[in-house]
Structures are given as structure tokens and as C-alpha cells.
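Consider the two complexes below, in which chain A is the common component and chain B and chain C are the respective partners.
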Partner chain A sequence: MNNISDVLNVLIIDDEEGMCMGASRALSSTQVFIDDLKIMVGFSSKSVHSYAEYKNSIVNQKYDLILLDYKLPDGSGLDILQEINEQSKETLVIMMTAYATFETAVQATKLGAYDFLAKPFTPEELRNSVRKAATRFVLAKRAKSFEEEKRKIRFEFISVLSHELKSPINAIDGYLKLLREGSITPGSDNYSMAIERSLVRLEGMRKLIFDLLDMTRIESGQKTRNIEPIDLIATIHQLIDQNKDEAKLGEITINLFSENELKMEADQSEIEIILNNLINNAIKYNRPKGTVDITVLDRQNQVEIQIRDSGIGLTKYEQDKLFNDFVRIKNADTMNIQGSGLGLSTVKKIAALYEGTVSVTSQKGNGSIFQVILKKYLNNTICPQIVT
Partner chain B sequence: MARILCIDDDRDVLETCKIILTTEKHNVMMALNGNEGFAKAKAEIPELILLDVMMDDNTEGFHTAYKLRKDPVLKFVPILMLTSVNQKLNMKCNPKKDGNFLPVDAFLEKPVEKVKLLKEVKRLLALKKDEINIDGN
Partner chain C sequence: MSKIKKNILLVDDDVDYLFQKKLELEKEGFNVFTAHSIQPAKKILEETSIDLAIVDLMMQEKDDGFVLSYQIKSLWPKTPVIMVTGVTAQTGLEFDTITENEKKWIKADTIFTKPVRAEQLVREIRRLLVNE
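Entry: the complex of A and B
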């Protein structure tokens, strides 16, 4: 296992040259496997022998670990310890001292030392201490970058969200001002268009807010999940019924191919969000007089739902980004269709709660097939069908 | 009266611009994304282009502007860029700050206001070939 994916910079501060060389040698042959991250960490070290040299060494270089002698010719290790902790919360310090008393250990710990080695120590004792410190350092660094990543994603989400909310406001604002100043006159084609479009944009905004609430509820885990036996087929019938007015507008036929009943354990409202989004999309992005075929396949401990439409279809590029937040496919075909761009990303997030997946196969102009696979029984509940 | 191409992924911004520009008898063409806009520009050679920044990608408008300026004919067509300043928090380029580095001739903030739009359109249509900001200076 020589694949070192991270090298930590170690600074050895000790006035005894032999100590520095010994520690440096021990470190050069040390590698630490961080189990949680499955990565191997190695070390690169540098030695300094006094407080003054230490000050010079940190001008252009940041150290991850510091092995620090208690007593230096021109100062105390404790002073350096204090300085390090004022400057960087990340650097970990291992104190080394020949005057190992209980008091000095306590004092060093109070000042922020991570560990304490009493001289003389064996290379193995040094390695053990360094291993612990390295693991802690790497994990803390990962946690921090993960936090930063999360903050960044959140910031981007909010900025896109604000754009998505501003666009309809701008649109309606534009129409209202033209109406006010008489550029659009009552009775004209533009007049009914402006009013219709304003209402459509308001509806889109309302939908965005609802979708946003669905999504945040799922993401925050705040919503109490009510997992109970439900009949998937009955749920689908009910959703087809809910969408029938919209289907009628486009003269779209919805067919369901399934058994009469299919039991699974799930939160009814979550399953409704998934299927309603997919059925509604299949209607919205269809062609006039098109069809929506819903097929439900019972696969022992999984259920597979296929929703096939005869609609406008998606290019490969569109398919690849379809499940991301706020993605809306904008072209002449979709110009008049309202959507928040959050529906499918929410579907994907919910499917994950059922250890499931959602995917799409499609061809531009030739319809799309959305496939959802969900686990029927969660939390290690044993599937009754395989109990003998 | 001029031929003006509006490129924006928001249909209602297009409609609003069209209504405003039609009051001055301009002939308005519309496109919903950068590629469609570029193709229409190639085919129709408009006298002015209104261009949105944040379409499918956050910087689609900028890319379209650069593309237009590389075309031997279209590079002399003035571009009025439609922006919504706070809207673009995560965009690489802040039009307020970096405005003079983009190859466009003017910026107009959304929501589009009739008086301001018509004033800018009039000014830009009067620009001579050598006054067009081709290199983004």
C-alpha cells in the first residue's frame, strides 16, 4: 500500500540535532492509513533548532504537525505553542520534553498541545503519537472542506432561487407598467396576452414555493415520515385522477399497466410527490393527443415504475443535467410550459430515501421513459414474500 | 424603424420588449437562447441586438456576445445587454464592475422600462461602425 494521497508537513523544533534526525528518520518511514477515508498519509519533515529559526521557518510555509521541544536555547516551547494556537487552529502540536512532570503536561495541554511525549521515547512511541495526530488532522480538514462545500452549494442554491423568483416578478412588473402607461390597450390581443401571461407567471411562482417547501422538508428531515403499508396502485389511480383535467386539455390518454394492487411500506405523501411530478411532466411535455403509459413491475423487494410519454423528448445533454436543482429545459417546445426546475431533483432525493433510483431514457422528439425503482420494505423489515 | 433581435430565455421579457419597440414601429425578432439567437442574427442581420446574460448557463449571454463579435458581419451590430444586477451573485463577471471589458455597447437593468429602453435603442442605432465596442474596451 504505497499509494500516498496526502503528505503532511511536519516541523521538528528541538535544539538537539540527534533528536531532530531521529524523529525525521522515524517519520520518513511512517505512513498512516486513515480508515474512514480509505487514504494513506505520508510525512515530509523539516527541523529547526531554536525559537529564531522557528520564526524564519514559518514565514513561507504552513505546517500541519509540529513536534515541539519544551526547552529551547532562546525561548520556551510553551511560548511557541501559544503562538501557534493563536495563529492557526488546524496545526496540531506534540510536545516533547525531558522534564516530563504532571504539571508541564497539564500546562501544555491547556495551551493547546495535542499530545505529550516524555523523552527519551522510542521511534514506535513517536509514530503512535504522530499517527493519532495525523488521523485527527486529516479528518478535521476534511470536515472543514465538507462544511465549506456545503456553504458554497447553499449560496449557489439561494442565488439561483432568487433569480427564479425575480424573473416572474420582472415579467409581471413589465406587463403592468405597459398597461399603466397605455402601451397595451384594453381589448387588444396584447391586453389579454399580458393578463394571461401574468397569471401564468404567478402560478409558476406559487408552484416554485410549494416545490421548495417539499424539497426543504425532505432535505431537512424535519418532516415526520409516516411509513405505513400503502397500496401503490390505488395511489397511482388517485394521481391520474388529479391530473385528468390537464390531460384532457391536451387530449392525452393515460394508460396504467399493473396488477390490481401492490403493497409497499412508504410515506404516502412522498410517493405522491414522486409520482405526481413524473405523471404531470409526462402530460406537460407531451404532444397534443399523445399518450402516457404507466407500467408497474413488482420485483420481490423492489418496485419498478415506468412512465413513458410520447412527448418532445430530451437530448443526451438535457438528460444529463435533468435531475439537478433548478434545471429547466428551455427551447421552443417548452416555452409555454411552467415548471420550477425543482420537481425532478426532489424526486431523486425522495427515491434515495427508499434506497432507490430514478433515471431517464429518451430521444429528442421521440418521447421519454422515466424509470423509478424503490425498495418496498425499508429499515430491514423483512419482505413477507420471502419469509418461508 | 429598425430590425431588432431580442435574445432572452424569458418569453415575457421578449414580449415586453416587443410591445415597447413596436410602439416605435421597430421590426422585432425573438430568440429564446444564445444559439437560436446567433442563428437568427446570421440569417437576418439585425441592426441592434438585445441580449440577456443569464440564460441556460449563467454566462450564456457573454458567450453569445463574444461569438457575435467574432463574426465579420455581425460584429458591427450594437449589443444592448439586459442584466439584473443582484441576480448574478455567482457569475464570474460583474457587469457593473467589469462592464467595460465586455464587447457590448450598453447595459440595461431589468425590469425593462419603456422610456429607458427606447432612449438606449435610439442612441445605439445611431452609432457609427467605428463606435461599436468590438474588443470590449
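Entry: the complex of A and C
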């Protein structure tokens, strides 16, 4: 039972030496198990006997928990209580007093005391109060660090996003300046190339913004989901049609293997985001004259969609990080392909809304198979929040 | 500086950046070799005598630039390396090469933040090539 993972610093402020020693002894043998976090917390305590000593003790040390006497030789405990609450919202104070009246208790609580102990109290009463306070303290601290972690992730996301938006701007800016200063002259090969590449980069930027909007809509959970019976096969036909110009460019053949109709309950736009990302990727990361085979399997309460391409494939390492935000696989095969790095991470987030999964099997150079499994009927149509 | 054209290796995963910088540097009289990742860059270094390398920090991995400049400096300690980065303080990848200590672990002679102005880059290249 001795696996203490956190030790709280306790300051005992009381002019009676016997009280300090007793409290300190009770604390040294006390451990608190925080059930929610499955951790054991212990205590380390220090005693001071006056307001002046208290002021000295807090110069270099921060305390998590303070046991505070109501009456001190050189001041009132309530003054200290007020000071503590002005300085740190985290420190919890347990007031101890021999003159426990309803009024003093109310006053202390108003000033921010966490608990109130009436002297004389038993070691067990003290332990109970400290246990409650320690649990509250540790959980509050954890919640705060969780908030900070969330803020940090958001900040990193925005930093990477601004980098991803800056790159195409720099590229287009670069071409325009070369054109302006005459380093690239009209009619030359470089001239049409510079214009072509600028348009490609603009398209990439547009795609990033659209993917970002998709992702934000899904993550915020604010968009009203419109769950209704839809025909998955008709949706796929429509998406193949949408992508046919891009497929034609690479002379890529798209085949669909499925029944004529497959009904499921879903939000049409969410299903379109998933399938459009996968079909579009299968075209973009394919080889010239390649194929894309889409197979839809009806599995009772689930539907399985396989999208197989004959493209460049992925190494094991690339597969592992593929579904994270802003991951773009950069190598000789992909350097001319525009992507936002957000498509697949959004696909994964949407699949989760359908209690589903998305996975990939692939071999470098030998194409990839993306497999999506979605639940056909959702029990509740309330939009679940995604924790980011 | 001698009349012989200096060989410059430019490494960046952005093909447009590579094209534009190559054009700018050729106009300044340099011979420019380009690579979009570590592997082809190393091939060029092995086959050609490179006088100076300009390396982007974030390529396939976000610290590829470090890795490559480290490898360049251990194989060809005298070759100047300019590291270029699009990321700044926000990503936690904050660094510089002002103190000796920083120079020791960041194997680059200079660090620039994108976008780098052509004159600025050329001036730094000339400075490093003279020192060499």
C-alpha cells in the first residue's frame, strides 16, 4: 500500500505546540487513495506558531493544504485566510477553532475556508477532513493540467496550420516576383509552369480551408446532424461522378462492386466527406492508368466499404501515422500531389460517430486498401461530442 | 572569390521553393543542385563536391533538417550549412546559432526564417564561402 505517487505539503498554523505535534503525527500516518485517478497521496507537514512565522514560512515554499487556527498571538487566522485566498486559489484551508460558533464558521466559509474543525477534535476527525481536502485538491490540480494540455494541443494545431497556409502563399508570392522582375519571361517553358504551379498551390490552399471547415464542423459538434435514411450506393455513384475529371487526367479506371442499393441511417454530408476523401486519395495517389476498386459489403447491422488502389502504397511507418492531423506523406512519389493532411484524420473522426473504424493495409509500391466499417443504424441520433 | 562557379546544394520538400531559389541563385552565378529529401541530398553530396548547403528544417519529419545538417557536418566538417525554417517559436522548435553552445548541437552555421529574401540569402552565402 506504500506506493505514494504524490505528496501534499501541509502547513499547520497554531500557537499550541501540542496541537501542532498531534496534527503532524496524525498526518504522517495518513494516506489518501484518490479513487478517480487510482493514486495514493501522502502528506508532509510543517508547523508554525504565529502570524510572523507564517509570513516567513511562505517565502520559499508553496503549501497545498493549510490547517489554520482561528486565534493567533499576533493576529487573527481570518486575516491569514484572506491573504491565502487572494494569493492562491489552489491552496485549501481547514480552519480549527476552540470557539466554534455558527457565526465564525459562516465567516470563515465566506472568506474561502474549505472546511471547519471544532476543537477538540479526534485524529480521525482531522484525517477525514484532510482526506476530503486532499481529494479535492488533487482532482482540481489534475483538471487544470488537463485544461492546459488541451490549450497546448490547440496552440500547436494552429501553429502547424499557419505554417501549412504560409507555404503556398510563399510559393505563389515567389512566382509572381520572378515574373515581375522578368526572371521568368512570357512564352518560356518556365512561364507556363510558374502559372500552372501557382494555380496548383492555390487549389491546395482551397482544399486545406475546406478540409479545415469539415473538421471544425465535426469536432465542434455544433452542426446539427441530419440523420436520415440514405442510399449508400447512390452516394458512391455520385462521388465517382464528381471525381471523374481528376480520374480521367491519370487515365484511372474506377470500378464499383456492390448491390444496387444499400440503405443506412446517416448524415448524408458526413458520409460524403468520408467517401470523397478516400476515393479522391485513391485517384491522387495512384499510378497513371491505374485502377480504383470500391467494394461495398452489407454485414447485417454494419456496412463495410473497401477502397483499393493500384497506387504508390505506404510503408508500415507511414501507415502508423497516417490518420493524425496534418500528416502528409512526403516522398518522391507524393511531391507533386496537393493535400491538406487533414482529410484522413477527419475521416477517422467521422467514422467514430458511426461507432465505426477506418484502417489501411498497404505495401510500399503495391497500392493500398482502405477499409471503413460503419454502423448502419445508430441507436441514438444525438450528436456525440468528440473530445479533442 | 575565384572565377570557378561554386556548387550549392538546396534541400527542401517544397518543389516550388526549390525551383524559385534555384533560379535566383543561378542568376547570382552559382551552380545549384536540388533535392527534396535527405536521401537524394546525400547522393548528391557523395557524387559532387558541394561548397555550401541550404537545408530546410521540416521535411518528411519535422527535424529532418537537423539530421541532414548533422550528417553533412560530420562527413564534410568544412562545408557551410544554412538552415531555413518556416516554423518559429510557436511550435516549440525555438533555436538559434548565436551562442557557441547552440552552434555545437545545431550543426548549422546560420539559421533563417522563411520567407528569406534573395539578397539576404546571397549575402550570407558569399560571407560563408569567403570564410571557408
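Assorted remarks:
Here is the rule we go by: the second predicted complex is superposed on the first by the 346 of 388 C-alpha atoms of A that agree within 3 Å, B and C clash if a C-alpha of one lies under 4 Å from a C-alpha of the other, contacts with A are read in each partner's own complex, and residues count from 1 in each chain.
The criterion applied here is as follows: a contact is a pair of C-beta atoms (placed from the backbone, for glycine too) under 8 Å apart; a residue touches a chain by one contact, two chains touch by 3 or more.
Here the structure is a predicted model, which is why all the values come from computation and not from measurement.
Overlap between chain B and chain C is detected when the two structures are superposed via chain A.
After overlaying the two complexes on the shared chain, residue contacts for A:197 are found with chain B and with chain C alike.
When the shared chain is aligned, chain B and chain C each come close enough to touch A:163.
In the superposition on chain A, A:184 makes contact with both chain B and chain C. Within the superposed three-chain model, A:171 lies in touch with chain B and with chain C [touch as defined at top].
Residues common to the contacts of chain A with chain B and with chain C across the two structures: 155-156, 159-160, 162-163, 166-167, 170-171, 173-175, 178, 183-184, 190, 193, 197, 201, 330-332, 335-336.
Those residues of chain A lying in contact with chain C across their complex are 155-156, 158-160, 162-163, 166-167, 170-171, 173-175, 178, 183-184, 190, 193, 197, 201, 329-332, 335-336.
The touching residues of chain C, when paired with chain A in their complex, are 13-17, 19-20, 23-24, 27, 36-37, 40, 58-60, 86-87, 90-92, 114-115. Looking at the complex, you find that chain B touches chain A at residues 9-13, 15-16, 19-20, 23, 32-33, 36, 54-56, 84, 86-90, 110-114.
Note for the complex: chain A touches chain B at residues 155-156, 159-160, 162-163, 166-167, 169-175, 177-178, 181, 183-184, 190, 193-194, 197, 201, 330-332, 335-336.
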